[in-house]
């Protein structure tokens, strides 16, 4: 079986290759009577779009999303929402080399091993271009959350390290995120990041990164025991992003070094009219037993350095003969940067899916 | 919706509470005409069983698995395989305290928030007891892999750290695993681990751990773009284990610190009659673009310290009133230890599921 | 893939062979906090049980259902409900003949063609014994409907013809159903049916039948466009019952002979405080565009004559050699009779599944 | 949840409204390396297209299908195949009446009851226009069957009755199908059908019909016990077509009148190099125990008369007030006619889906 769908009840199916005529997705299961227009989606795509600084690939895509179905007179109708973006920047070029050679770290050889064929133009289906539709679907998910839960629910991501340069958590400022091209919440580290990325880019290399997504205002009770746990599905959602190599929830790998009393989140009586106790800390990352507790969901992920580098790496071609691969062309030196809005979108889709799943069994 | 099933085509549905009459699972989709008996399953359960050393809970369960369907004259028939284990150690006791108080770090409050009811006896459905059925299903998955792929396919797990005491990778010896109660591949660190766990246990505390599962001999081509990627599904499979807080594939979080050339896995022409190139390294952990490459699959995970500790932690009861929770009774000081066979089993089930999925679309 | 599960959100997975140690099912997705005990299920099983009149097989099964999980202190907990019935009437006998010969009209040859192996004892997995678990799951579905919709929702079935002897619809009396062994709503036709069945039985033959299930009080709005239509899923649910050869909704095949004006269901303003218009007729069978309208759901099905007959039929054995098959042993002369409670149960499960599906997207 | 997808492993998701900018579908799970172009799909759409005779609606759609993804250099790549047809005949018109009034027999009221909103233009999502994508997907399914099974596998449909005018089965001639606008296999009944349809059309009425689909050359072993039986899924596939009211397999409802010996399909030793015995008859319709036997699959269905008629029918408007509805505009007097290629397509998709499902568990 193939599996180009995400979610069970808020089900997103994406399609399209990097250099085909278009990419798109179908969202099935969106609740009816929600206000939705292309204006709700486009800004999120614009945030992800490449070519906005010298730190991302110079591919220029207008990336104008069109809603082809499922919306009538400005409202969702409950029928599938089809979104489409035309590929307008398919430069005609010679693909001879990429067609024959397997780029190390890329899906090239894996697709050939699996399917015996691959659309090699720009990476085809395995291109990060596919993630545009994740962002589009995430924008629709945000509309659902705004209407069904409320505006106090926020899902925000930030880049937390580039290479070995980590932010200082004490300086975390969400407002800063929108003021720099790195989704960086720590203004002071920016000059170092810029310098490092310039070094990396000039040397034809690339660099890894970590990022974090925080969802605040998520209702308690979301997540399905025992194989559809919210943390398990967030892990899957994030690990499925191109280049992801690790996922953490809450305290994450650090929890492996802690004693029980240091990892405990003490609870105190609920404050005000809250229905849920006050937690003194959030080592758990907002999830207990796979179910949200109304604390902030905190997920972190590791992105590998871009595999496409100017530095030659030994490889083989389709005949199995030895070659050296040196990837020219437009590439992000740090794919972690542009992964931030994608990770946010995946979290948004996961939360909506679980919201509807919870509704089904336990009521609204 | 609820979600007590794992896998798409090799579909495992588990049921049962810690202190109910029994636990069990149904495996649907197992290929027919494979030799299978209880003797193929029981040894794996025995490996996981608690009470085998002073480092695990003293709960004693015979854990005799029974096959109730799907096997005829020693062979699988292609119909669902029902497995059942009776709960024989349901000590009658007073649950008054656990019934009313929310244990910090446990699913108690989350189940109440979600369902408005919970079987509090021994943690009910959220108890680690459920993982016995994962191990049982994993044993059946191993039979499928042995028959469909071959005996050269191995799936093995090891504990790689307890607290801040990590093994030395140069000393890794798979043979050592079977000779100690920790699944530890490094004989030299054993005395330190024993001492540390004794300290932890005596202080009424608990400690976190990391573990690693390596699957060798997995065929190339498994994994489904773009939302059923093998790494994404491994992440989900492992993060869904009770107490998991992080998952890594291959280089994992360390990749976030690397340059592209340091994370690259150079390829060289295939050796002998291999169909797949030789990889000079395995930073990728055996997966490119979500698809296996025939290199070893390498997954790592972080386990939090056991939440049940003798040290009191502030909490609330069902009425919202403040209480202190101090968990007496039988508990593992380090749940990471017993998670090893569970993690192996989840990887085995994931690989079989993807093997069948690949068969469906691309042939055997 | 195998598919021993029914439903999406109210998901029933059955397992077990006719002559294995037990049969069972797991129900995943049942809403929490519903009163449920074995006493809610057993009466429905008793209704279906064979051996209650001379018109059904004399196999005697106590068929005592046990709830093994998912219920705590008399209420559902939202976790999977495991039901089990032991097979107590597995007569030891010589299966040599049925093991080697393919009974015409049975699944024997089909299982061998598919799996290359089959549990031939009593038909194994393809035995009608499996339908006991459908009835058990249907009983749980009825509890859900009673709690979530109300007692005014009824799902009732009736046998409408045996061979060419059809009931008179004007004489339809639901009360009569419980007073005869045929689920017959027409008291006057009973003597003819009895005589016909006696003739059939004595001649070693069997006879077909039709039955009808009517669900009243089903809320409007259930059914999912465009591939999960309520009528499509009812069709699947009923056609999946052993021996079913046809399914109709509302006017059914007769609609193919009608003019548009004769098949129209005129609507008039809602009466009283009803939210839905008054329909002057119900040719539609309660479903428009795949969605329930609050009119009674009406489904009809055709059951073939029992394939097991004393009259010899030419067949082949496993080696392909010609044989004659004459089925001795315990068999219902008219499997349609015992299909009535099974069909009711399938309708109940389908309606609950769609109720939860509707809740998920559109609210309670 | 919404459900606009069909199939498990050959998964078709359709989207689009009658008068939106376009309709489309995404096919996920198609095996790789099959030759596929728009030329493989277009002819099947042309067969279904309205406006080809005076007996179908005069809506004129070019219905040019475009492949937007999943095909590279003329071959499928294993990635999702996106198909799109622009809606070119969206006549601007006044929808005031249909917007406010519920057309009897249509989904209008049902969509409003379910979603509280509907795209009323041309019936929106519930329009038969959606079936164009079923035909397109069916064309891709035929390509898969041709490549994976062979050209001897044929799936053909025929109209078998209009109103009470049934064909004579002895005169059945598949060649005739292509020579008349009714998919009629019986040349002699054609004049009567034409006359009847003219009468119906002139009187502003409509008429029901039955049709039959026969699939020959389907391999043995397809179908999944016990809830994914091939007959159950064919029933669902056909009952989900707009206007369907009944489905039969093989002997169908007639089986309910038969004795066991008359419904039996005797088997004789296989002829030539066939692996499957010779069946002397096919009352079973090619399926035993839910599994194909290699005999022809025979499915029949009943289509209701078109609900849109010029004859006024009492109804209500959105406010609940009484109105009379008289449907002007372009409508087929007998929707059964154009359902034939749709039914063929649904059978083709069902067979491919089960072929892949069988492969997954039991091998190719």
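All chains are identified by letter, namely A, B, C and D, in their written order; residue positions are counted from 1 within each chain.
Keep this in mind: a contact is a pair of C-beta atoms (placed from the backbone, for glycine too) under 8 Å apart; a residue touches a chain by one contact, two chains touch by 3 or more.
Keep in mind it's a predicted model, so treat the numbers as computed, not measured.
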Graph distance between subunit B and subunit D, where chains that touch are linked: 1
Per Cα centroids, the chain farthest from subunit B: D
CA centroid of subunit A to CA centroid of subunit C, Å: 46
Whole-Å gap separating subunit A and subunit D, where each centre is the average of the chain's CA atoms: 39
Mean-CA-position distance for subunit D and subunit C (Å): 26
Contacts with 2+ other chains: residues of subunit B: 1-5, 8-9, 14, 29-30, 32, 78-79, 111, 114-116, 125, 225, 356-357, 360-362
Contacting residues of subunit C [partner subunit A, same complex]: 9, 29-32, 78-79, 225, 356-357, 359-364
Residue numbers on subunit B that touch subunit A, as the complex places them: 1-6, 8-9, 14, 102, 104-111, 113-116, 125-126, 130, 161, 163-164, 200, 205-210, 220-229, 231-240, 242, 244-270, 276-277, 280, 283-285, 287-294, 302-309, 311, 313-316, 320-322, 336, 357-358, 360-362
Contact footprint of subunit C on subunit B as seen in their complex: 1-5, 8-9, 11, 13-17, 20-24, 26, 28-30, 32-33, 66, 68-70, 72, 75, 77-82, 111, 114-119, 124-125, 356, 360
